[in-house]
Structure formats: C-alpha cells, structure tokens
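Each in structure tokens, the structures are laid out below.
In what comes next, chain A is part of two complexes: it sits with chain B in the first one and with chain C in the second one.
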Partner chain A sequence: MTKLVEIKKLSVDFDGFKAVDDVDLTVDAGKVVGIVGESGSGKSVTQLALMGLIPYPGIIEAERLMFNGNDLLKMQDKRRRQITGKDVSMIFQEPMTSLNPCFTVEYQISEALKIHEGGTRQQRRDRVIELLSQVGIPVPEDRLKSFPHQLSGGMCQRVMIAMAIACNPSLLVADEPTTALDVTIQAQILELLVDLQKKNNMALILITHDMAVIAETVEDVVVMYAGQVVEKNSAQNIFTSPSHPYTHALLNALPERNVQARRLPTIPGIVPGKYNRPKGCLFHPRCSFVQEICKKEIPAYTRKDKMAVRCHFPLVNYPS
Partner chain B sequence: MIQFLAKRFLQIFPAFIGITLLTFSLVHLIPGDPVELLAGERGIDPARHEQMKKAMGLDKPLAVQYLQYITNVFKGDLGKSFVTKKPVLKEFMTLFPATLELSFCAMIFAVLFGLPAGVIAGVKRGTVFDHSVMTVSLTGYSMPIFWWGLLLILFFSVNLGWTPVSGRLSALYWIDADTGFMLIDAFRSDEQGAFKSALSHLILPSIVLGTIPLAVIARMTRSSMLEVLQEDYVRTARAKGLSPARVIMIHALRNALIPVITVIGLQVGVLLAGAILTETIFAWPGVGKWIVESINRRDYPVVQGGILIISSLIIFVNLLVDILYGIVNPRISRA
Partner chain C sequence: MSASNPVISASNLKKYYPVKQSGFFKKDILLKALDGASFDIEPGKTLAVVGESGCGKSTLARLVTMIEQPTSGEFDIAGINAVTSGKAQKRTLRSKVQIVFQDPYGSLNPRKKVGDILEEPLIINTSLSRSQRREKALAIMEKVGLTPEQYSRYPHMFSGGQRQRIAVARALMLNPALVIADEPVSALDVSVQAQALNLLMDLQEEMNLAYLFISHDLSVVRLISHEVMVMYLGRVVEQGEKNTIFDKPLHPYTMALLAATPHVNIKSRQKRIRLSGELPSPLNPPPGCTFHRRCAYMSDICRQVAPESRRLENRMVACHHAEKMSTAPSESKIQKGLVKNLVDKGAQDENAI
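Up next is the complex of A and B:
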C-alpha cells in the first residue's frame, strides 16, 4: 500500500508555544484515519500544517513532510498551491462561516475547478450540478445561485464537501465536520463522507472528539494530547485494549460506558498551555498511573507491530 | 430588491421634511434683518421698511411663512434671492458644477490612495508601511483644512511655483461654460493649454479637500481588512489553493468593502462641508462660498434653498450607497 501522507517530527511553533510537538503521522492511500483528542491538543494545527495554512506567526519545522511522493517542505509556494485544493482538500468545523457570504454557491465551487482544471463555463456548471447532487442536495440547479446565508448549516457543509471533492482529491481532511450540526444531520454528513471516500477511493483524515464517530467510521486512530501523538492503533484495539493511560481515561469518560454510574468519570485538570507545560511526560499531572520517571523523562514514541505509543508504562490488556 | 428600494424611498420623505423645518427655523433664529442689511449704513424709513418686508413675505407669522415656503418647494420653487433677485435654483445650478467638480476630484483622490493604502496596511500589518500609513492618515485627519490648504499653497504655489494659487482657470483663457465643469469645457474648447491650466488649478484644492476622507477611508479599510482576513472563509479560499492575490482581492476585499462603502457615502457630507473652507481658501467659485456669503447677508431663501439642495444630495448619495451595499452584500437585499 502506498504512503500518501508521511509526516515525521513535525512541530508548529506559535511565539514559543508548541501547538504541535514532534508528531509522526502516516496515511495510506484510500484509508480512513481518525484523530482524536481534547480541544487544544493540536489536531487541527497538524492538518493545517499539511495544507500549508498555518496562520501568522506559526513556524513549521519537520524532518519529513511528504504528500504523494512530493516533499512539501522544499516545494515552492506556487507549486504547493497546485496541490492544495486539488489533491488534498479540507473541510472545516463551522460550515456557515467557512463559505464566503458574498458569493454564490456556484461561484465558490466552480472557482476551485477553474483554478485547477480549467474548462469552459458550461463544463464547470455541469460539474457543479453533478457535485451538488453527489453530496445530496435536492434540485441542485435551483441552488446554484443561492448565497450561503440562504442555506442551513447541514446544506452549507454539503456545499463545502462538494467544493472539497470537486477536483477528485486523493486526500480529504475533515476537521470536526459535524461539531456545529445537530445530531440527525451529523449522522447524514458522516455517512456522506464515508460514502464518498469509498466511491472515490480517497483517503480521509477525520478529526473529531466524538468517540462514537471513531468507532463507526475509522480504520486507524491517532490519539493526540498537548500537541503530541500519544497513541496510534487500529479502531478495534483502541476500544478493546487501549495502551496509553490517556486513551484509557478518554474511553472511561464516555457516557455509553457509564450507564449505571451516578457520576461520569472525568480526567482531572486541563490540557497544559504555554506557561504550565510540565517536564517529562506531558500527561503525567493528570495520569492515574504516574510514576517517578514520568515526571522527569519524556517517553519515546515507540512502535510495536501496527501500533505505537508514547508512554513509559503502556497498559497491556488493561480492562477498560 | 424592488421592495427594498420602495421602502428606502419612502424613508426619504420624513428626512426631507425634517431638513426644511430645521433650516427654516435655524435661519430665522439668526439675529439680524435682511432689509436693514440691504439698506446699508444709512438706515431706512420705517414705512419703506415695512413695505420691503411685506414684499419679501416676512411680515406674516413664521408658521404661515413656513407653510408657504414648503408648498412652493414642492412646486419646485425655492424662491428668489433677496440680494440678486434671481431664482435660488438657477444660481445654485450655475455654481454647483464647480463644487461638484472639486468634490468629485477630491473623492477620486481619496479613494485612489486611501483604499490601496488601507488594503496593503491591513495585509502587511505591523510593518513599517502599516505604521507609516496609519501615522500619516492620523496627521491628515487631525490637520485643520484651512491651515493645510495654506501650507500647500505656500510650498507648492509660492515657493516651488508648480501650481496656481487660486481660482479655476488662468486669466489667459476664456472658456464658455457649456457644462459648468471646467475640465470638460476646457477639454472641448479650442484654447491651447486650457485643459492643463484647469487641471493644475484643481490639484491642490482636491488634495486639501480629499485629505480627511482619504484618512478615514484608509483607516477603515485597514481595520475592516484585518477583521476579514481572520474569517473562516478566507481560510477556505486559501485551502482551495487560490493565490494570495486572489484571496485578498476577491474573497477578502469584497467583504471588507461593505463598511468602507458606508464610510465613503458618509464622507460625501464631510466633503460638502469641507468645500466651504476649501472654496474660501482657493477662491473657488462654488456653492460653499455662496452659502457662507448669503448667511452674512441674511439672504434667507438662498441659505434655506442651498442647504436643502445639498442635504437632499447627501440623502440621495446615501440612498445610492444603500443600493450599492445591497449589491456588494447579498445578505441585505435578499434577506
């Protein structure tokens, strides 16, 4: 299987704060990878770095940042823009504000086509209609001239998806695509994404903090904490035998697993910020299995078979 | 869109009535008697005084005078000047092209320099360019118009001799006022060099009059641009692989323009107010100078009529801005 994305030792620095710290990530062509973690754990920033969308004053450093055999680090901006939006595209958390309020749906979708594929106006219009019907928008011809404020949140996200898949990308990054939508629409959008992923055989990176979404849709899971990848595992193994104490704690906090309990277990504390970054393992202040060494030494990211974990004492078959 | 326009047109009438009421009462509040001012220092016989007041319609109660005035206004009659005995509207029409020409050039100057300066300052925020644009525009905004005008005249006209000191055209030329716009008339005439002369007379007044709008437009564009560049849809545009120029000029600027257009519309009022000072400094034969002189002569019909026409113009420009606003921002016209 070909490696589509290969990231090694990626760091993103915002004015001395490491939003992403030493992250390794590989995505194979046609695979679905989920990234989970609390808010502020660097999930989105990792993907923005891959897209080349890190806002000022972020600084990207990496040993390797490859996409489809192209070295993104050495690439010139112009060449890189030919990949962004064509071979790799992204949809965002807030569909309502992610579409430009001043332009019609047709304009915004066909703009991506125009930049990357050209073609006549009529060809582009036909393709936009085809895309809109692909993402499940009824009577797409009538929607061409709509403005984003005339559409519902779910509709906007469908338009965003249509825009993202317009040039048949080999990778789609979905950054919490369902967070701003209500539950019934969430399920529809996820179904649509997985459907498109299978049909177009594209890879999908799904960023979420919804474990149920992970269980349903994803093959591989990457768990991030405070800018680091703490565990990578198959979706099955994550739920049955998590290796990192953080993964374990996350799963324990699921309401579905605590139907009998009077109180929902939580992870005490919050993700460390710029000024309270601990020494040693970043998770140790909140870890229930903490030992002396955890407070001093940063654990290495070690691989075993198909999984990897960053912990001095990974859990083995610990009942979750 | 039609409904939006109709609603907007209906809103004009209360504003219009308010303006006439306000100018009418303010003008009559100014102490002084037009008849005495006309008579001059020798004084006037009381009987003749009464007779002249009656001829001017000033003997009736104010409310009656106002009703008469407003009825005439709706008939299209703004009255006659007490001093020249010519219809106000006619006098206004001969003077207005000069003011319009000046204001138009000042606005072009302000937009041409203010908008790009604001956009670049916003995109390159925190750089030397950003700081200098903001400093210069703050200075320009704070500078009193008459002082700024005199400084420019002193430097460019007197010291360097690059531009003429005042007026609209060199005395060497005689141009028939076909349109009243000196640039157009001079361009169409056979006189060699007249156009150049008209243009050089326009430069300094336009800069002086356009300075405040320029500063306001530059600052507004910058802050609006800064805000818009943070928006999610700008990130989406970049995620599509668009070039930075396209992201800024199409996706960001279109949204950033919405508040800027409002400000430009409001600046039209500032321009006409500023024209009074600028016209006085540069001896520009326009409406501003005319109204100031008429106030001194207590020429009620001219002051009322002049202010009424100018206010109506400002209302009209703001209506245009609202329409333009609806075109730029689809959320307004269709919501």
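Up next is the complex of A and C:
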C-alpha cells in the first residue's frame, strides 16, 4: 500500500500557542480516514498545514511532511501551488460562504480547470457539466449560469464537491462537510462523497465532530484532543473498545448511548486553551483514571499493530 | 392528551406571511410558514419539535413567545387566551414564556456584564430593589452552575457551554412556566452538550418547567423529550409519545428522518431510506401531500388531496397510507418501494427545489 500522506511530528505554532502539537498521521492511497475531535482540537489546522494554507503568524514545524513522495517542507511555493487544488483539494464547512457570491457556478468550477488543466473554453464547459452531473445536480446545463444564492445549502455543497474533484485529486479533505446541512441532506452528501471516493479511487480525509457520522462512513479513525492525536484505530474497534480515556468518555457522553438513562455521563471541565494548558498529559485534569505520572510526564504516542494511543494507562477491553 | 392543566395548549395555530412578487400588478402570495399545529404541554414535560430547516419550527417558537401574532388559531398559556387578551395581560403572559436561543455567542450582549444581563428582565417586569435583584441573580446563577464571582464578568470571558448556562439563567429569571429551547445544544461540542442537557433536565425536575424543545438532532430529542412533533413544510406530519414515534414511526417522512440519522452503535443502525431531492420551496408547495415528491409510497391520491391529521395507534399522523405502514413496515418493502420510485421520478423531483 502506498503512503499518500505522511506527517510526522507536525506542530503549528500561532504566536506561542500550539494549535497542533506533535501530530503523526498517515493516509494510504484510496483510503477513508476520519478525524474526530471537539472544537479547538486542531483537526482543521492539521489539514490546513497539509494544504499550505496556514495564515501569517502560524509557523509550521515537522520532521516529515510528505505528499505522494514529495517533501512539502522543502518544496518551492510555485511547485506547491501546482499540487494544491489539483492533487489535494479541500471542501469547507459552510458551503454558502465558501462560494464566491459574485460569480456563477460555471466560472468558479472552471477556474480550477483553467489553472491546472488548461484546455479550450468548450472543453472546460463540457467538463463542468460532467462534474455537475457526477455530483448529482439535475439538469446541469441549466445550473451553469446560477449564482450561489440561487442554490440551496445542499446544492452549494455539491458544487463545492464538484469544484474539489475537478482535477481528479488523489486526496480530498472534507472539513465538516455536512455540519451546516439537515440530516436527510447530510445522508445524501456523505453517500455522494463515499461513492466518488470509490469511483475515482481517491483518498478521503473526513473531519468532523460528529462521532456517528464517522462511525458510519470511515475505515480508520483518528481522535484529536487539544492539538494532539490521542488515539488512532479502525472504526470497528474504536467504538467497541476505545483505548484512550478521552475517547471512552466522549462516546459515553453521546445521547444515543443513554436513551434509557435520565442523566448523561459528562466530562468535567473544558478543553484547555492558550493560557491553561496543563503539564503532562493534556487530558489529565478531566480524566477519571488520572495518576501521579499523568500530571508530570507527557505520554508518548505508542503504536501497537494497527492502532496507536497517547496515554500512560491505555484502557484494555474496557467496555464502553 | 390528558388535560391536567397544561401550561400551554394550542389549537390549529397558523402563520402566513405575505410575500411580494416582482411586478407591479402581481398580487402578494402567501407563504404558509406554519399551517395548523395543535398541542398541549403539561408542567414538567417536554414537547420536542423536529424537522429540517424551513419546516416552521422557529415560526412556532415566535408565535408561542408572542413575538408575532398567529394568522389564525388560538393558544392558552396557563389557562388565559394569549391571542385575544389585552395588552396588559399579554405583558404578564410574556414573562411566563421564555426562550433560550441556539447560538450562545450571538444571543448575549457583549457590552453587558452577566449580572446586568440577568437583571434586565427584573428591571422591566418587577419592582425589586437593586440588592434584591442582585440576590435573585446570584441565586439563579448558582442553580445553573455559575459561581458568584462570574457575576461581574463579560460574556466574552466564557466558553460556549458556560454562555449557554447564562442564557438559560436569563430565561429563568422571571420564574417562567414554559421555556422554549430553540436548538439549545446544536452549537456545542459533545462533552459540553451532555452537560447542558443534564442541566436542562435537572432544572425541569427542580422547577417543574415545561419545555418546547426545538431540535434537528434526533438522538438528543430521544433523550430529553416526552412527546415528539415531526414537522414538514409547515405541517405537522406526526405527533405522539416519544416511544410510540421512535419505535414505530408511521409517516414515511418520520421513517426517513430516523433512518437518515447516523448512529454510533452498530446494532441501532438502520438501512438508509434515501430521500431524493430537497425540501420544496414553501412559496410554491406541491399540491396534495407536501411530501409526495420525495415519498416512496406515493400514489395518485397523494398528488391531489392533502392528508388530514388523524388518530392512529396512539398518535396523530397525516398520511394517506399510514395504515399500510402500520401493518407491515418491513425493511424489504421500504427498499422495494424506494427503488421503483427512484427510477420513476428521480430527476424530475429535484427540479422542484
């Protein structure tokens, strides 16, 4: 299996605040990986770093940041821009605000084609029509001249997806693609993403905060907390026997698992921010299994077979 | 529904908005934002309103909080008619109904301290002295899990979960009988969401509050509600006890909604019932049953006649074919009906957006 993305010890520093801290992530070609975490856990920033979209004060440090055999750290900006948008592309959370309201759907989709693929105007138009029908927009010819405000949220997200897959990327990063959408539309969009992933044989990184979406869609799950990867495992294992206390607590807090209960088990406290980052394990102030060592030493990210966990005392076969 | 003095009882509430058409001589058309909702909520109970965006959930909240007048229909709050009563009486009624909004970042005034935010309703509605107001605010703050030193802090110093606590505290300042929670947890993270839900449930038990809980998250609704009302395009399609609805939905839309909700537990996963297309425009709703273009069970009658809401198996349901669902709601049947239907009318439906 070829490694498409290989990230090792990636840190992103915003003015002294580590939004991403020591993150390892590998994605194999043609795989679906889910990244789950609460807001502020660094899941989006990791992907922005991969895309080279970190804004000004951010400093990226990494031991290794490889995409498809190319070292992104040493690469020149010009070469990198050829990869971004062509081989790696991204879908953002808010489809209505990610599209430019001043331009038509056709213009916005063909912009990527024009830059990366070239071709004549007619060829590009044909390709746009093909893309729009691929993402399930009925009568695409009539939609070419539509502006984003004329489309519904679900339709806008389809246009975003069409734009992202325009140049047949080998990796698609979907950052909360369904958060702003209704459940029935969410189901449609997720189905579409997985279909396209299979058909085009591209890798898909799905970022979300919704455990249930992850459980139904992806093969491998990466759980992030306060800028660190705390656990990585297959979707099957992680939901039946989580190893990290955070994953365990997060799953227990889901209303779905407590239908008969009168109260939900909660995780006390909040995600640490810039000024209250604890020493040692970042989760220790909220952890119910905390020991002395957790308060002093940062646990190492240890691998075992296909899973990996960052905890001094990983849970073994702990029923969730 | 039994009648042990409900906090609110509404019958056939409707709200139509006139929408201007382009063109000088064109008449306004009516947007039926809410087309007939009837319900009772008893003290200590929660009625959850479920549906996609644009189905009239928030319009319902605006009517019940008396922000807007209903076009027709009546509702009583604590036995007093809230539509026809006079100005002074409405004023007192308004203090009985309070609302918690979705976005805790947008619903608190950033220029006011927490204490001022909490005391504002007291200044307007009561004649308490400054120290009495402060005492009351501190008491409520303790109830929702805020500390006294947070009294003189500004909203930006709080996290999302804490802000939602402030919003809940503000709603409780006037001892309301009914709290309307408009998607109160959808902006919060999972771990914080659990805390907020526990708080709401604790307060309900302690103060015997009635909730009108608006949400699109069915797993949250399943946890917190006693009764459920499913809405589609301004109409109530199914309404009844929580377990009745969740265990055996009879309206195709409720079924699809339940099946579309992703699950973490593998055994509670259902086969997806794929709804083609999106919510039609409420300005130009389809004739007959408003759901028929997306429905797998659609027949001729659905295109022509709008189904009346009727009682069937302990619930109200508005569907011509509800009996069929009740006799054999097997999955294979759903799938079969779906496939046929998708072939028939796949593309043409989506044009109706």
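Here is the rule we go by: the second predicted complex is superposed on the first by the 320 of 320 C-alpha atoms of A that agree within 3 Å, B and C clash if a C-alpha of one lies under 4 Å from a C-alpha of the other, contacts with A are read in each partner's own complex, and residues count from 1 in each chain.
One rule holds in what follows: a contact is a pair of C-beta atoms (placed from the backbone, for glycine too) under 8 Å apart; a residue touches a chain by one contact, two chains touch by 3 or more.
It should be emphasised that the depicted structure is a prediction, and the values quoted were computed from it without experimental measurement.
S.K.: Kindly classify A:R263 by the partners it touches after superposition: chain B alone (first), chain C alone (second), both, or neither?
M.R.: After superposing on A, A:R263 lies in contact with chain C but is clear of chain B.
S.K.: Looking at the overlay, what does A:E216 touch: chain B (first), chain C (second), both, or neither?
M.R.: The answer is second: A:E216 touches chain C but not chain B.
S.K.: Which partner does A:P255 reach: the first (chain B), the second (chain C), both, or neither?
M.R.: second
S.K.: Which partner reaches more residues of chain A, chain B or chain C?
M.R.: C
S.K.: Regarding the shared-chain residue A:R121, is it in contact with chain B (first), chain C (second), both, or neither?
M.R.: So A:R121 meets neither chain B nor chain C here.
S.K.: If we overlay the two complexes on their shared chain A, which of chain B and chain C does A:K74 touch? Say first, second, both or neither.
M.R.: neither
S.K.: Touching A:I185, do we find chain B (first), chain C (second), both, or neither?
M.R.: A:I185: touches chain C, not chain B.
S.K.: Examine A:L99 and indicate which partner it touches, taking first as chain B and second as chain C; both and neither are also allowed.
M.R.: first
S.K.: Pick out the shared contact residues on chain A: the ones touching chain B in one complex and chain C in the other.
M.R.: none
S.K.: What does chain A use to touch chain C in their complex?
M.R.: Interface residues on chain A, with respect to chain C: 38-39, 137-139, 152-155, 182-188, 190-191, 209-213, 215-217, 239, 249-251, 253-259, 261-267, 270-271.
S.K.: Can you list the chain C residues touching chain A in their complex?
M.R.: Touching chain A: residues 52-53, 159-161, 189-195, 197-198, 201, 216-220, 222-224, 256-257, 260-266, 268-269, 272, 274-275, 278-279, 347-348, 350-351, 353 of chain C.
S.K.: Hey, which residues of chain A end up touching chain B in the complex?
M.R.: 51, 53, 55, 78, 81-86, 89-90, 92, 94, 97-103, 111-112, 115-116, 147, 149-150, 160, 163
S.K.: What does chain B use to touch chain A in their complex?
M.R.: Against chain A, chain B makes touches at 231-233, 235-243, 251, 254-255, 328-331, 334-335.
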